[in-house]
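Should a chain be cited, it is by its letter among A, B, C, D, E and F, assigned in written order, with residues numbered from 1 in that chain.
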Amino acid sequence: MRFEDLSWMDIEEYLKGDDRLMLVIGACEQHGYLSLLCHVKIPLALADAASQQTGVLLAPALSFGCSPYFLDYPGTLSLRISTLLDIVEDLVRSAYRQGFRRFLLLNGHGGNDPVRARMYELANQLSGIQIGWYAWWQSHSVQDVALAHTLKPSHANWLEAFPFTRVGDIPQGEKAPPFVPGLMSAQEARQAFGDGSFGGIYQVNDDIMEELFRASLADILQLLKFEKE
Amino acid sequence: MRFEDLSWMDIEEYLKGDDRLMLVIGACEQHGYLSLLCHVKIPLALADAASQQTGVLLAPALSFGCSPYFLDYPGTLSLRISTLLDIVEDLVRSAYRQGFRRFLLLNGHGGNDPVRARMYELANQLSGIQIGWYAWWQSHSVQDVALAHTLKPSHANWLEAFPFTRVGDIPQGEKAPPFVPGLMSAQEARQAFGDGSFGGIYQVNDDIMEELFRASLADILQLLKFEKE
Amino acid sequence: MRFEDLSWMDIEEYLKGDDRLMLVIGACEQHGYLSLLCHVKIPLALADAASQQTGVLLAPALSFGCSPYFLDYPGTLSLRISTLLDIVEDLVRSAYRQGFRRFLLLNGHGGNDPVRARMYELANQLSGIQIGWYAWWQSHSVQDVALAHTLKPSHANWLEAFPFTRVGDIPQGEKAPPFVPGLMSAQEARQAFGDGSFGGIYQVNDDIMEELFRASLADILQLLKFEKE
Amino acid sequence: MRFEDLSWMDIEEYLKGDDRLMLVIGACEQHGYLSLLCHVKIPLALADAASQQTGVLLAPALSFGCSPYFLDYPGTLSLRISTLLDIVEDLVRSAYRQGFRRFLLLNGHGGNDPVRARMYELANQLSGIQIGWYAWWQSHSVQDVALAHTLKPSHANWLEAFPFTRVGDIPQGEKAPPFVPGLMSAQEARQAFGDGSFGGIYQVNDDIMEELFRASLADILQLLKFEKE
Amino acid sequence: MRFEDLSWMDIEEYLKGDDRLMLVIGACEQHGYLSLLCHVKIPLALADAASQQTGVLLAPALSFGCSPYFLDYPGTLSLRISTLLDIVEDLVRSAYRQGFRRFLLLNGHGGNDPVRARMYELANQLSGIQIGWYAWWQSHSVQDVALAHTLKPSHANWLEAFPFTRVGDIPQGEKAPPFVPGLMSAQEARQAFGDGSFGGIYQVNDDIMEELFRASLADILQLLKFEKE
Amino acid sequence: MRFEDLSWMDIEEYLKGDDRLMLVIGACEQHGYLSLLCHVKIPLALADAASQQTGVLLAPALSFGCSPYFLDYPGTLSLRISTLLDIVEDLVRSAYRQGFRRFLLLNGHGGNDPVRARMYELANQLSGIQIGWYAWWQSHSVQDVALAHTLKPSHANWLEAFPFTRVGDIPQGEKAPPFVPGLMSAQEARQAFGDGSFGGIYQVNDDIMEELFRASLADILQLLKFEKE
């Protein structure tokens, strides 16, 4: 149930029986050998699956996020943090005006965490709103899967190498994690990270990826209940 | 050649031989019986076709634009004008930093016209940049096709009823264009426009739509040459 | 009935019987051989004439607009687009607070079009407000006059050469319109446009100018009725 | 030498021999029985006189300033302080780009003082710029004239009652200055100030006004020398 | 009664019987031979004394203000004017939300004067708020003390050389005030002011400083009554 | 070595031999039974200790941060996220201009995390800058101490109950952590958290607090080396 397949009349109909909305906040940035849109594709795939099971509506994904540190990798299109906060505010306000009340923000990118700060501000202004926040790779569920397979999750390593994020050959083996001295500039980051991966194994068996996906999907299905206690 | 199917290494390779980039600026707003994403889908389809013929890269589409007047139609997610300008500035600056120089902005939505103002400001700041702007429905080519078939193009009428923007049944016949008294509020607009169409025939033969599409595509192919005289 | 000739007590008195206000949004920018203030003088002359016939109040004109592309022509004083939008918002909000409800914005300059976007946002926030927008040179009335005389209206050509905008000698004859390749920087624009005119005949008989003026004035008088259907 | 009487070519010519520019920053606000545009008219008259004697160029006046406290007096059109700062920055930057280097800002309104803060920021960014600031009523010269006639200058009393700011009858006699308890809201200010004057004698002999004008003009002529020691 | 020595429960208790709050707005900037924090320390000492006598609460001091002209003196940490205004607005709004209504802003730094403009805007938005503003060195009381001792108060001269602002040796004697040609850049200011003092006597007898302090404290105690007539 | 005890001349001297600066970013918000300034006091105490051992300069602490969710607890003074980012940017830019290059930001408050996003943007703009970020309670060192004593660290529990943050009696025993359903509004947060603690033991033996402090101090001393590999 994506907006793109619906007219406004369909949304009006939906709002008669439900007030939940999922919104994917992604990024367009280097992911080593993987797709530049990893941070959109993964939460979007999860959201589609959750929508299929629950019928909860899915707003168009925001394909851009904050990645100033990756700007020297071609293809990284980064928003200023102030811009990103304004976008998400505008989208939530628009939907709130029309009757949506329970929002699940599916964040795909660590650099987007500051959005939470603006959402807290909105929560003080929009009466009766409920805002859930989910960042799949930070969840206990996903970390437990990694732990169970003694894998270390990191940017652009196996963690994000789903069948649908691979766009070319991926190296075998493992990369030593580079040293990170404070908040690096784009120039320093490119020097430090080389091919873009933060280190670890580049890819694992698809069964593990499937397990990861299911663990995360279960989280989302739970969050969509918007339980208050 | 969309970013989503590429890694940063592919973009780096591309930049060795080309510095052109297409960027679709859309909207998520009511389109009567058509998809809420009409203003993304149409320029995106044109851009994909142009990319296929020329190899010019296509950045991820911006799915949101400025539609304050449609906010009372559920499903319309509108950005403040200030937000929209900041987004497009950020995207162009990011790509410029990496070596892109010739940008073709494919605008899908009339409410996004103010973006041009910010782009002029950027043109004064980013040395050597070239920015083309194309709004398919405003082009002479498209208007000539409409004229040839004695059709009046308008919001959410036949003009936007492509096979790929239809998401349900569309009425037969024609709608009388409502009276527009100045800049209407969302509330007034909903009252005035009812089902959302600005009037005219709801749909026409697909051959005309195909003719329209080809006329517009020819414009884009021409603009991608970035001729200076 | 300009603000400059009135005290606040006069405005208070006016508001007992009327809630209309005209606001001129101009620009200070190169106009070839014509006054730098063409885009103020023309709508202001129209507004004065309309005020004389109707008694509708006229706020002080905004003498500045958005002209980033002309910044390499000395005397062009251009606002950032964000600044312009904020100004007009502040002026309208101030007057709204005091009881004005029906605003006719008389825009003198194409670069100011984005103001409409902010006005739509205001229309959603200020209950009962009505905002009309009129750009004289874009009106059917003016274009019909041009057509009737087989003249092509353009920036700094005959179209704007009123007796009251001429500040020196104006060339005879006609200028070939320069080629415009996308959104030009100030440097490119100066190269392309030379003396600043966008081409066409530099001046015509004052009778035509008078005809033009009257056609536009008739539009404004009509708009000041703020008819809703 | 006002911009309105010149074309861009005239400005270009001027810049070959001079780099000075005067800019009037005014306000549109209640002035008791006087014109709503007092704060424009007075510095503008001074600037015109100074321009006549020195040939220094005069940019179009900014007719709006910050007067939040007078918003309950109809006809007061007030900018947010952030808006005002942006405007003056934009105007100075535009002129600086074209070669102007020595700016004399003629402020007509106390509420505009914060502009100085932004100008200091600009002075750190625009190499070689010189920015003078003159608020006529705050000058020693003007205060000396008042003192010599044992008059107390204040908002909308005799101080601003020039022949060219009077728009109707003005009361005889004197008003007791109201008590001002901190920073008042617009509502409180209207209650406190009644007719809008801050108290004192409403008008004096035109000879005194002429003396005042000449004293201030002498200041401006001195400042236009932009002496550095 | 500083916030740092209290828990939220203490504040809640206080609000049952009082709604007054003092807020110190300071600066971190060069003060010649004196502490970089002079503009915090002086109003803070006054506020502490006033709090001790009245029990009025004292919010944490803002240690930063606007000092763009001193940025070439190391240790000067200056906020943009827009930033400063936003901070004070945020602090006042936070406290207002919790029940504070009468605010006394104790400004320690001339460059912070524009804060008043934003406070006037707030006064129009927050019903029932009362905002007092006090800048100790601009008060008649302090100027009278200076006059009585035939001393000229100025930046970083004796005026600010309290026992608690001295951090090292201070020169004997007097400095000739430098010439100030308009709004200087940081570079020009450093050249003009040398050691940072604006001239005059560097220090005076502590008895005078004590007299000064008492005079100013008396003002504050009076202002804390928030008398309306 | 705090700014308050130094003049600008001292800073200039320091910069001849060092370019490091510590900056504390705190908050003024409810901490249950503890001081409203916990998030300033703790990193400040650490910074003072680190300064004493290394001689590294310490800028004035920022006493305010982002705590929108606690605004219904009196005494919480919260900045908008946009304001906070601007402040820290201004402070870092000021010091960078004067020669500081290596910054260690000591964050005391989780709600301030978004500052990192702006710092990444600055790192791309200020050549040669190095920015370290340390949030004491998020460090492995501190978490290891907690683990060793089988204590769970949380907001306003034992973790922050240092001798210097206690301002009154603290309950014995332990509080059950409240359920947190997504991003709560200030109203919901107050209902959920009651006395303000997030649960766990209210206070522990001072030896543990000392151990915690030392562990964190060791981290800071290490970070002040600004090692690049």
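Miscellaneous remarks
In this section, a contact is a pair of C-beta atoms (placed from the backbone, for glycine too) under 8 Å apart; a residue touches a chain by one contact, two chains touch by 3 or more.
Predicted model, so just to flag it, every value in this text is computed and none were measured.
Listed by label, the chains touching chain A and chain D alike form an empty list. Counting hops only between chains that touch, chain A reaches chain F in a minimum of 1. Of the two chain pairs shown, A-B and D-E, the one joined by more C-beta contacts is A-B.
Interface residue usage between chain E and chain F, two copies of one sequence, is largely shared: over half of the residue numbers at the contact are used by both copies.
Look at where the CA atoms of chain A average out and do the same for chain E: the two points lie 47 Å apart.
Distance between chain centres (mean CA atoms), chain C to chain F: 54 Å. Centroid to centroid, with C-alpha atoms defining each point, chain B and chain C lie 28 Å apart. Residue numbers of chain E whose C-beta contacts span two or more other chains: 71, 80, 82. If the chains shown are joined wherever they touch, the resulting network closes on itself as one ring, and no chain has more or fewer than two partners. Following the touch contacts around the ring from chain E toward chain F yields the chain order E, F, A, B, C, D. Contacts from chain D toward chain C in the complex involve residues 3-12, 14-15, 28, 30-37, 40-41, 59-64, 71-80, 82-83, 86-87, 90-91, 94-95, 97-99, 167-168, 195-196. By the touch rule above, chain F contacts chain A in their complex via residues 66, 68-69, 71, 80-82, 85, 111, 113-114, 116-121, 123-124, 129-133, 179, 181-188, 223, 226-229.
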